[in-house]
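Labels run A, B, C, D and E following the written order; every chain starts at residue 1.
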Amino acid sequence: MEEIKLRIKNMNKKYNDNIIFDNFDIEFDVNKVNCIVGKSGCGKSTLLNIVSGIVKNDSEDFKTMEDLGISYIFQEDRLIEWLNVEENIKFVLDKKYKKEVLERKLQDYLDLAGIIQYKKYYPQMLSGGIRQRVNIVRALIYPSKVIIMDEPFKSIDIKNKNIIMEKLKYILKKEVRTVLFVTHDIDEALFIADKIYVLGGSPVKVKGVLDNNSIDKNAITDLI
Amino acid sequence: SQNAITNNKKSNSDKLAIVNKEVMISAPDGLPAIAISKLAKEKPIIKDGYEVTYSVEATSESLSTTVMKEEPDIAIVPSNMAAIAYNKTSSYKIAGTVGMGSFYLVSTEDINDFNELVGKKVGNTGKSLTPDITVQTVLKEKGINVDDIDFNYVNSASELVPLLVTDKLNTAFVPEPALSALMEKNKDIKIIKSLNDGWKEVANSKQGYPQSTIIIKSDFAENNQEFVEAFLGQLSNSIDWANDSTNNAGEYAKEIGVTTDPNIINKSMERANLKFISVKDMIEDYNSYYQKLYNFDPKTVGGTLPDEGIYLVEE
Amino acid sequence: MKEFTLLKSRGSRSDKLEVALSCVILLFLWQIIAWKINNEIYLPTIGQVLSSILEIIKADKFYMDIILSIGRCIFSFIIALILSMIFGIVAYLSRGFRNFLRPINALASSIPTMVLVVLALIWFDKDNAPFIVGIAIVFPILYDSVLGAITNIDKNILEMAKLYNISLRGKILNIYLPAIKLRLASILLSSFSLALKVIIAGEVHGQPNYGIGTRIQIEKVNFNTSGIFAWIVIILIISVILDVVQKVMLRRSFIWKR
Amino acid sequence: MKEFTLLKSRGSRSDKLEVALSCVILLFLWQIIAWKINNEIYLPTIGQVLSSILEIIKADKFYMDIILSIGRCIFSFIIALILSMIFGIVAYLSRGFRNFLRPINALASSIPTMVLVVLALIWFDKDNAPFIVGIAIVFPILYDSVLGAITNIDKNILEMAKLYNISLRGKILNIYLPAIKLRLASILLSSFSLALKVIIAGEVHGQPNYGIGTRIQIEKVNFNTSGIFAWIVIILIISVILDVVQKVMLRRSFIWKR
Amino acid sequence: MEEIKLRIKNMNKKYNDNIIFDNFDIEFDVNKVNCIVGKSGCGKSTLLNIVSGIVKNDSEDFKTMEDLGISYIFQEDRLIEWLNVEENIKFVLDKKYKKEVLERKLQDYLDLAGIIQYKKYYPQMLSGGIRQRVNIVRALIYPSKVIIMDEPFKSIDIKNKNIIMEKLKYILKKEVRTVLFVTHDIDEALFIADKIYVLGGSPVKVKGVLDNNSIDKNAITDLI
């Protein structure tokens, strides 16, 4: 499994006359944490959306990863306002777990994210960071081969962020999942990534791929 | 008869039951229902072996619907509806007239004849429908230019009366029994002319125009001649009774489901023009009435002038 | 819990006071104008209407009339509601079905009430006619609302649901129905009143044995304005009661609102 | 630009095809059933209805009837629309006014149409009666929708507007009206059809010199079923035309939707 | 002007039974950049909302800063979906500037934020970072004595963030405004703050106030 690549070839996407991707190619490592950085508005979220099949790309012969089972931590939290925290999470699990397993997992993850006391709260009663943590828990608890994270840790304080990142690393070691991780925080990327991809330009291209061992913060910042 | 045999067969299992032949008779709320009120209330046995059901339909539309669905065996309908039913279902024939015209020209103003309507606002019901056509015909034949009259139409007398009571209108053609109600509420209302009398003059008719007509399903009439004869006789009696005992007619009518206030009914009988005339004495009148309607709008008689087959007369 | 209801003011004590005040003012105005006009046909006085109401209530058929009319109304409204939800959701999911429904819906919403009554009388019998008419008039409005509600659901949420492979059932229960409920809540009262109105119109024409419409027609034929007003007041009271019932049923639905 | 319209499908070529197909199927069904029943009273054939339509169109009063009815309808609908927006916004802003309106609104939405027609005939004159009735029936539905639309505006946006001291005018133009427009768009067609229907009902009772209702009543009383169907078809065509006009006018409003 | 304090005394706020503030006191420096850090969900946004008068507090004698004129960069972007970028910004300005001045300012700020080409875009067509930058421009362009910023730079790449922060510093030097700045990124705080307030606990209290000269990143992180 270790050497398999997720290969995206000849991807095209434009909005009206605004060409975002033009014959875009990229390869991600399977079962690794692939970190994507790049200027705001360059097309990172669009890339994730195309890969996950949410947004249609313009190429004919393009295969999405939909069938693998995807967890997605969206850039906006996308919680359903009329469901409380618990319901928002259970909503996506729809018979994926047995009842007791589900309850235990839910408890564990909410606890880990430090939001166990908000289990019965409706989204409008939550702070930005708590909403985001619900978004994270929902994605992590959902059984999937691929986890897509679009700036997952924004609005979360550094302590909670560190706890969650540690746990994430631990989970990924146990459960072998492929991660695509978008962030603007280079430290975050350095902490968690196996590989870092720098995107940029218009139409967007891969400006550089760096292995975590060989990375230096300033180099990345310059590349962006 | 045939039915009796089948009835006997059926009753083998239940020897005591005598299954009567069911007859459905419908009349619309208002004067026609008053005409049958004695029959419907007392339910006398018309003829052995017949079980008669009377139903009072609240609006002439629901009545015509049931007629078009050929539900009643006998029905009292507006005369033009008799022609429409004949033309469209070819199963109903006219057996006689139940009431002659009961529309009156009334006003709070000081006028005496039709020709004084020129230039006035005049209320009337049902634009281009039979009352309107009758009025227009009479006026035209009297040489009055109807375009010079400012007719104000509403759908039915129940909308016309409030307008007269509240002085929104001063002059109108109003039918009984609404007229009696109107006179209760507005004492200034005077009756100027009877439309039926006007018709008599212009159409050279003795009776006036037939307003409500009794129709009978042709095959029913054929197979049950005795019953029909007896029934028409009883109906005639019932109408005479209503005309004579003006103090009870209202109560009777109320009990069979007529919605007009009993006192008003009693008062209206005097001008209601209810009378039973057998069709054989009315053929001329029907022909000329239908001709005039047809000339105005063929739809009002069902598209074509009915032929002589519409009249239920023994050859 | 004041902060979690649909309109912040709902059910608060001062609201009730204000509504009551408004009623009093209106009644007062009514009475003054009625005295001025002094013509029962235009506008009966409150006293006249009250005595008409008493008379109506004392009639032995009264409860049957009320119950049957309300029954028809509730029944036809609920059927229209269920149909509009099912059709609305299916129409949303299938473009073909939506297009197929368009002419039918255009038809249903264009047929004038009285024509519909007549047709219903021809095709069905007179006890069912008001009922059919009620459905035919209310359905298009509810259907449009349902379709509008689903169409306006945040696309982000739907993408999320699609991504997490939520079953159709899950989507309907957790997304479509709540969105529909939220939307319908605002027109529920007025469309229910419409149903009641239409049912009564159907009764006036179709004249079933029992029904408010049947009775109103009698008042109309006898030009009894105070009787007509009495019925308006009775219908109003019924509407208000049904409104309260509805609100109680709906209140729980909006606790998520701040 | 396909992505920026209200319903993605709107106006696409295959949609029109499907709608046309649906019409054809319905017409086909109609004709088959009419043949089977073979009774003009229950269901006239397409041929009969077509010849009735021709007859109606050829009558010299036809255009006057149509124009006056549509005119009344549009006029009363627009007034109801404007009133509902003004009242809706004021009611939203002022709790007192909202409460004051409640009994009035309950009243307006409970009065049965025919009663309203009679009262309108008494209080106003008969040319205005259908018009008043149209407003009285449509207003409560639009008002509820408007109030619902404003009440459901994202509280965050309103807080933002308050914080930046946006004038009432600015708020109405940029927040309330767009939100109302969005909400009303979904029930515009059905409530407009309702207005047309009610106006026609008013015309049946009030019998103005020109008007669709006056003419329908004639067909109805003379039990000319194919004439009734002909009028239904004509009204349907009018609705469809008005619908298209509306959509063209509304299309521009939703370019911000993805 | 230099020594004036913005004093908040005896503030109380609870949601249902959840007491957020209990006799909370804090003092901010007027015409300085006051940075607020603290655990997610501790009450930072609530504090800002109360101060700006959006959320009602439960104390009787509490005065908000509403009358001073406030610009607020909300935690969520709060853009109006049916107005495009330009309209979203002009919407709040409502005759505050003359037409030409407004156009020039708009041009300048959009250019600075690197989103000038999105002027006619509707919010739904924008990436998260671009939306956030519109949110920032809207607040900066609005004439006010107080600028409140709730995690303004989330979703914005490091280069754009640096440009905006530099400009912000520059503006603040010219236009003397009081800034309340909430962030989870200590580097950001260190870069821009005159004073840093660490909030924490439940009900929340000021756990420490640090002057920028005497600050050390780890100290703050520990305090949070």
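Convention: a residue touches a chain if its C-beta (ideal position, glycine included) is under 8 Å from a C-beta of that chain, and two chains touch if they have at least 3 such contacts.
In UniProt terms, the chains line up like this: A, E = ABC transporter ATP-binding protein; C, D = ABC transporter permease subunit.
Values in this document were obtained by computation on a predicted structure and should not be read as measured data.
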Message: Looking only at C-beta pairs that count as contacts, which pair of chains has more of them, B-C or B-D?
response: B-D
Field: Identity of the chain that, by mean CA position, is farthest from subunit E
entry: B
Statement: Expressed in whole Å, how far the mean CA point of subunit C lies from that of subunit D is 17
Message: From the mean C-alpha coordinate of subunit B to that of subunit E, what's the distance rounded to whole Å?
response: 84
- prompt: Taking each chain's centre as its mean C-alpha position, how far apart are subunit A and subunit E in Å?
  reply: 27
Field: Centroid spacing, where centroids are CA-atom means, of subunit D and subunit E in whole angstrom
entry: 48
- request: Among the residues of subunit A, pick out those that touch two or more other chains and give their numbers.
  value: 76, 125
- line: Among all residues of subunit B, those touching at least two other chains are 61, 68-69, 158, 162, 166
Task: Could you check subunit C for residues that touch two or more other chains and list them?
output: 41-42, 118, 122, 182, 220, 258
Field: Residue ranges of subunit A in contact with subunit E within the complex
entry: 15, 37-41, 44-46, 75-76, 115, 118, 125-130, 133, 150-151, 154-161, 184-186, 221, 224
Statement: Within the complex, subunit A is touched by subunit C residues 156-157, 159-167, 170, 174-175, 178, 182, 253, 255-258
Task: Name, in rising order, each residue of subunit A that touches subunit C in their complex.
output: 52-54, 69-72, 74, 76, 78, 80-84, 87, 91-92, 94, 122-125, 142
Query: Considering the complex alone, what residue numbers of subunit B touch subunit D?
result: 60-61, 64, 68-69, 80-81, 84, 88-89, 126-129, 152-155, 158-159, 162-163, 166, 168, 297, 299-300, 302-303
- request: Provide the residue numbers of subunit D that touch subunit C in the complex, in ascending order.
  value: 6-7, 9, 15, 18-19, 21-23, 25-26, 41-42, 95-96, 98-104, 106-107, 109-115, 118-119, 122-123, 137, 140-141, 143-145, 147-149, 151-152, 155, 182-183, 185-187, 189-191, 193-194, 196-198, 200-201, 204, 212-213, 216, 220, 225, 228, 231-232, 235-236, 238-240, 243, 258
